[in-house]
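As written, the chain order gives the labels A, B, C and D, with residue 1 at the start of each chain.
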């Protein structure tokens, strides 16, 4: 659906090297008092990868995701997103970010088209009407574009929230447990939609669903109590040792 | 935070804590001294004129000697100390917003606790003095209303802290509120004085014309109150730090 | 098709956010009806309170205070609701993800609250006069417009900051009142004094101007403070 | 005491209880706060004692576990 590179007017893409990595985390931690939500997290995620983050409840997955997507500030360490240091230039980083959460982030009392128009204008899309129409076609909701978002079914709301998240043509998309509350059919549609918008975007997904997460991902990260327990790309990840490691950390529900 | 910076901070804390009981002692001595002098050295304030003059001691006295004014010698210092405590709480609020470190939030909370105690003391003494001066339990007189509003604001501060669960969010909201309180109080102080309340003009009591012999007990009591406030603050802070260390131990013991 | 993105000016983002609030309000009219009804109900309570007074008792003297009591409590209701729908589907996070200066959200939300309150005041003030002011007020009564405006600006400003704080806390309506009323007391004190003088016809130059200057000062200080602190509050 | 002196000192006696009450209340407020602080401190110490116990228990277990090994 997206053929060539984003021609954003003032993105400074640093030297080719830095640009090779979508995410570079150095010693990132989020602590408050003696509570370490995320503890010295380091990893580099190449561009175009699909990272799945696993871990028991309270392991700090969502905190990490919120830090990567500039929703909350890390207490220490540095995060480089597409070559942009999040602490120095959060606004520049935000232009390349899309966020799909189990919450739809849509205004129930506004129509689908109005929701997308607002998002498009806020991001500064030059031809918002055209962009909104394209996005609605992509998620097959153009026939419902005048209906209020409140009247949509769970699957349709999820599709509209994908459209909203991709309105600014982001290079990196964060997914926060997108499958929660979706029936199997809606999950299927969701996967197919994500695959269609894959292009060379980077995805980072937090999910409780092991096989769904593993199926889609090119890199896997397991977290427990804020620390990185396992991180590797899909190729050198053998399934059984990973699943028993997963059972040991997540199965015990250690939090 | 590097090791020796941490140790420096710890030692500064330790040194303050070692002096805390000493300063508390000095404060107690100073304020009792001020208390005694207030009743012996300071001449009572002249009240309403009396028809006739009498020779008392070496002066010709021709008006009532107001005894109730003696409350002033503790009322004023306590009031100023409470305002200084609010200032300290706001200072730590700003420090927290800049650094997002839990230790500043704790200091802000303890400073607000001290402020609450001193505001209650101001209200009690002000109420008694005013009860005798005007013979009525409550009038919307500028001074009393200002301190009543200050008391409500500090109550609001603690109600707000109780209503938020997430520690970082609670700390941010509490810091912002203490800064707004610190700015709001002088405005309230000024507006209740300068705005003649519509129909009936306010009576201006200039009680700040102090003769030297009145000034000495006042200053003694003032410094005494400052020392007491600092001593109690350090003590309360050590209790709070003990609680935090206990929580950390408890967590480590759980797993 | 690559899309072209051009960083929008703050004014455009402000207009979009304000447009969102107003469009949402015209469609549901939820805020205006609830605030309007609430103001009417407070007037009914006043009716019960003031109707039994003997005729010698002149309501005009305290009309300023009564009017501002209605405005304060109605605005409390409005402020509470103003952020309710932002938090419903996590739309606030959606706004935080957009590359904009967070204080624009404050400005847009404060303006929309201000506009809703002005509309409710346009209904309540005439109704209040109609119900309670048997004796005709002094000829300087049109002057009450300025304290109403200055007061509503202050209420919208500091109210938006506090409602952002209380929207994700437990027991949020009570908490907003607990935090809001002590903070707004100076402004209330000055505006009531100005309104009473305008209605009762006291010495306008001295008291009225004095009170308005102080209320204006309060507004400027508090709006600046809210503008600066808003980024910390909304992204907490 | 002639009438003038009486008038001069007229306010002393009636105002005495209020002055005393003022200082007493202020002193009480401080004392109540100190009591509140000591109560909290005692509760913390009690929890500390509980912690030390459980720690001793764990060490005891570790020792006899290491003896058996």
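In this text, a contact is a pair of C-beta atoms (placed from the backbone, for glycine too) under 8 Å apart; a residue touches a chain by one contact, two chains touch by 3 or more.
Note that the structure is a prediction, hence the values are computed from the model and not measured.
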Check your understanding: Out of A-B and B-C, which chain pair has the most contact pairs?
Key -> B-C
Check your understanding: If you average the CA atoms of chain C and of chain D, how many Å lie between those two points?
Key -> 44
Point to revise | Between chain D and chain A, distance of the C-alpha-averaged centres to the nearest whole Å | key: 53
Point to revise | Rounded Å distance between chain B and chain C, as computed from the means of their C-alpha atoms | key: 32
Review point. When you check chain A against every other chain, which residues touch at least two of them?
Key: 73
Practice item. Could you list which residues of chain B touch at least two other chains? Key: 168
Practice item. If two chains touch, include that pair; go through all of them. Key: A-B, A-C, B-C, B-D
Exercise for review: Please give the residue numbers of chain B that touch chain D in the complex, ascending.
Suggested key: 35, 47, 50-54, 56, 61, 63-68, 70-71, 74-75, 78, 117, 120-121, 124-125, 128-129, 131-132, 228, 232, 235-236, 239, 242-243, 246, 249-250, 253
Study note, to complete from the structure: As the complex stands, chain B meets chain C at residues 97, 145, 149, 152-153, 155-156, 159-160, 163-165, 168-169, 172-173, 175-177, 179-181, 183-184, 187-188, 190-192, 194-199
**Study point:** chain A to chain B touching residues, read off their complex
**Key:** 32-35, 73, 75, 254
**Study point:** For the chain A and chain C complex, residues of the former touching the latter
**Key:** 2-10, 69-73, 90-92, 94-95, 97, 99, 101, 103-110, 114, 118-119, 121-127, 131, 134, 164, 168-169
Exercise for review: Mind listing the chain B positions that touch chain A in their complex?
Suggested key: 100, 102-103, 167-168, 171, 244, 247-248, 251, 255
